[in-house]
C-alpha cells in the first residue's frame, strides 16, 4: 500500500450512480480481493422495495467488506442511494461513523464524471496536501465543479469524522446503464494509487465496450436494469 | 402448525395494497381465529386524516392481534400504508422490533402480485432453506422481481431483527379496489403452509368474483373505497 | 361546565383550516374568556417564514391559553398547520403530550365541514358513550366520512394519550378565506355543550355574512389573507 | 459597539438568498474584521453535493466566525440554505442553540427585500422596544409582511432561545445572482447600528452596479453561480 500518500487504513467505496461506474468498480475490487462482508446498513431513504433473486428476498443495503488477512483495507458497496438528500446526508454520516470506529484514515470513493475531456479519471481531495499527493501519484485533479450524491457527500464530510477523503471520477458519457470501461479505468487508477495487485488487463471491459459501442449498445434505448423485472405491490 | 417449516412463533400480516389483497386476507384470518387486539401502532407517515364510522373517529393504525388460548400465532393488520418511503422503513422497523419482543420467529406477509401467470400464489423467502421449504410445501417461488411497500420491506428486514420472512403474493389484475378472489387464494395458501383450520370453501369469494367479473365490476371505473366518502377539512 | 358529558378538565382547540372556521372560533373563545398564553410550541413543519406586524417579527406558533381563575379549561390556538402529514402527526403528539401533562381529560377541536346539509354543526367522538352524550347534548353526529388535518388527528390520537376527544365541525361552503358565520355556529355549539357563558348573539357574524353573501364576497376571487402581503426573501 | 441598542454580545449573520445580498454582506464583514472560523455546522437539508475548488472538495456548511481580540461579536455565514422547510427550522434551532451557548444576546440577520420603495434598507425586530431602538438608530421599520427562509426563521425563533433578534433587509430587484449594491447598503446599515468601523465607500459596489445596470447585466439571462460549473454524479 502506498503509505507515501495515505494513512494506515484505507476504505474504498463505490455507490450506485451514473453508469453504475463506482459501484461496479468497488464490487470488482471487493471480489478480486476475496472480501467478506462484516457489516450491513440500511437507509430509510432507500426505495421502498425488496429485490428478489431466485426466490430470495433481501432488503436493499450498504455493505462493509474486508479482505481476509489484512487490516489496512475496507471495501464499501451498496445496492442503492437514498432517494432524497437528507437521507443521503444521514447515511453518509452513519457510514463515516462506522469507518471512524474501524480507525479508517482515508476514504476513497469511486464515482462518475459526465463530460467531454481527454482524461479518463479525475480526482479531488479534502485538503491541498492530499490533492497534491494524488496529483503526484498520476491523477489529474478536477479543478472546479461539484460532486453529487453519496460518493461526493461521503468525501466532503470526511474531515468532520477525522478522516481524509479522495474521490476518483471515471469519465462516462452517461448513456449506458452500466459503463464497464469507465469502471475499469477507475479500478486501474485506484490500484495504482493504493499499490493494489488487481489486474484489469484480463478484463478487457474497456476494449470490449469501445468495440460494442457502435454495435449493440446504440441500437437499443437506454434502460435501467430493473426495467427488465416485473413490478409487484 | 407446520413445525417442519417454521419456528415456534409465527406472525401473519397483511397491509393494504393493490386490490387490498393482503389486508383482506389477514383481516379474515384474524376474524376466523377470533383474535383480540393487544397492541396499536401509529405511523407519522399515514395520511393526515381520521376516518369516521357511525359518529366515532379513530386514528389510522396498525394492529397486532392474537387468537385466544394459543401463543404460537400473531396477526398483523393495518388501516393504511405510510405515504412516503422513509416512513415505510420506520414503521417496518417498529413493527419488527415489537414482533421480536414477542419472540416471533417467522413473519409471513400477504401481498399482491400483478401480472399474468398460471399461478394464483407465489412465494419468496429471506433465505434459501426457507425458500426450499415453502416450495416443498406447495408454494411456487417467485424467481425474479421486486416486492414493493410495507409487505416487502417487513420481510426483507426480518433477518436484521433475528427473524425469518416469507411473502406470499396473490395474483390480481390490479383493476379492483378489493380483489376477494385473490385474498381467498392467499388465505388458502397460508392455511395450508401453517396447518391452520380455516375453511375458504364456504367463502366462495373466488367463484363469486369470477362470475361477477364480466358483469358488475367491469361496468364501472375503478374506485378506491374512500372515494365514496365526503371530504372534510 | 357540563360535567354530565365531560371530565374535570377540558381543552378547546381550533387550528387554521378551511374558512379559518375553527381558528376564528377558538381565538374568539380565548378572547371572550380573557385567557393568557402560558405555553408556546413551534413545528418544524410550519411554513418557513415569519410574519411581520408593525415592525415586529415573530415565529409561527401554537399557543396554549388559560382563562384567569379557573383550572378546568384550556384553549388551544395556532398560526398555521404543518405543511406535510408527518409534521401534523408529530405536532399533534407534542400538543397531546402537553395536554396530558396538564391533566386534560377531554379535547374538543373545532373544524370545518364542507358539504351541503341542513345542519350547521356536526360532531364526532372517540368512543360510543361520548358520541351518544354529545348527541343527547344537541349535536348531530357525523355518521360517515373523514376529518382531515390537525383538528382531526388531534382528536383521533386522544385515546393514545389517555384522553377522550370530540370534533365539532361547522358547515362552510369552502369559498371564503374567513367564514365568520360558521365560526359563530361553532362558538354557539361549544358554549352549549360546555355550559360556557359566551354570547354570540351580539356578534351577528352569521347574519352579517349571510347578508353580504350575494353582495361583496362573491364579487371577488377567493384569496388567502397572506395574499395581501408582499413577499420578502 | 452601540450598547444603547444591543446587549453585550451580538452575532451578525447572512445566509444565501435572493441576490446573495445577506451572504455577501456577512462575508464582507467577516473578512473586513479579519475573523477566524471556530465552528462548522452541516445541515442534512443542504443540496446533496460537494463543491470543488482547485481540486479541493468540501461539504456545504455553516460557519461561525469571530474577530481576533474581541468577545462581543460573532459572524455567521453559510454556503447554502436547506432545501426544505423542516430542515430550515432544524438548522435555525441548531444555530441558535450554539449562539446561546456563546452567550449571544442579539442576533442581526441580513436578508433581501424584493419590492419597490424609496428605502434601501428595512428592519424588523422581535419586540417593540428593540424595534423602536433600531428605528431611533436610523432604520426604517418594515410595517407589514413576511420574512422568509433561514434569515427570517433565525430571527423569529430568537426569543425561544433567550435572545433578541433583528433582521435588516436590503432592497434588491431580485433580478441578479449577486446584488453587490444591496449588500453594500446592508453593510452600511449594520455598521451604523453596531458602531463598526467598516468603510463601504471604498467598495463602490453600489455605484459600480448602478452603472453596469443597463450595460452588462441586462444583456444576459439571470444565472445562478453554479450554472457555470459542470455537473458530475
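Here are some notes:
The chains carry the letters A, B, C and D, assigned in the order they are written, with residues numbered from 1 in each.
Just so it is clear, contacts are C-beta pairs under 8 Å (C-beta built on N, C-alpha and C of every residue); 3 or more make two chains touch, one makes a residue touch a chain.
Note that the structure is a prediction, hence the values are computed from the model and not measured.
With contact taken as defined at the outset, there is no chain that touches chain A as well as chain B. Interface note: chain A and chain D, two copies of one sequence, contact each other through mostly non-matching residue numbers (shared numbers fall below half of all numbers used).
Taking each chain's centre as the mean of its CA atoms, C is the chain most distant from chain A.
Centroids built from CA atoms put chain D at 53 Å from chain B. Centroids of chain C and chain D (each the mean of its C-alpha atoms) stand 38 Å apart.
In chain B, no residue touches at least two other chains.
Because contacts link each chain to exactly two others and close back on themselves, their graph is best described as a ring. Contact between chains, using the touch rule, shows up for A-B, A-D, B-C, C-D. Chain A meets chain B in the complex at residues 40, 42-60, 83-84, 87, 226, 229-233.
The residues of chain D lying in touch with chain C in their complex are 17-18, 85-90, 93, 111-115, 123-128, 131, 135, 141-150, 152-153, 155-157, 159-160, 165, 167, 169, 174.
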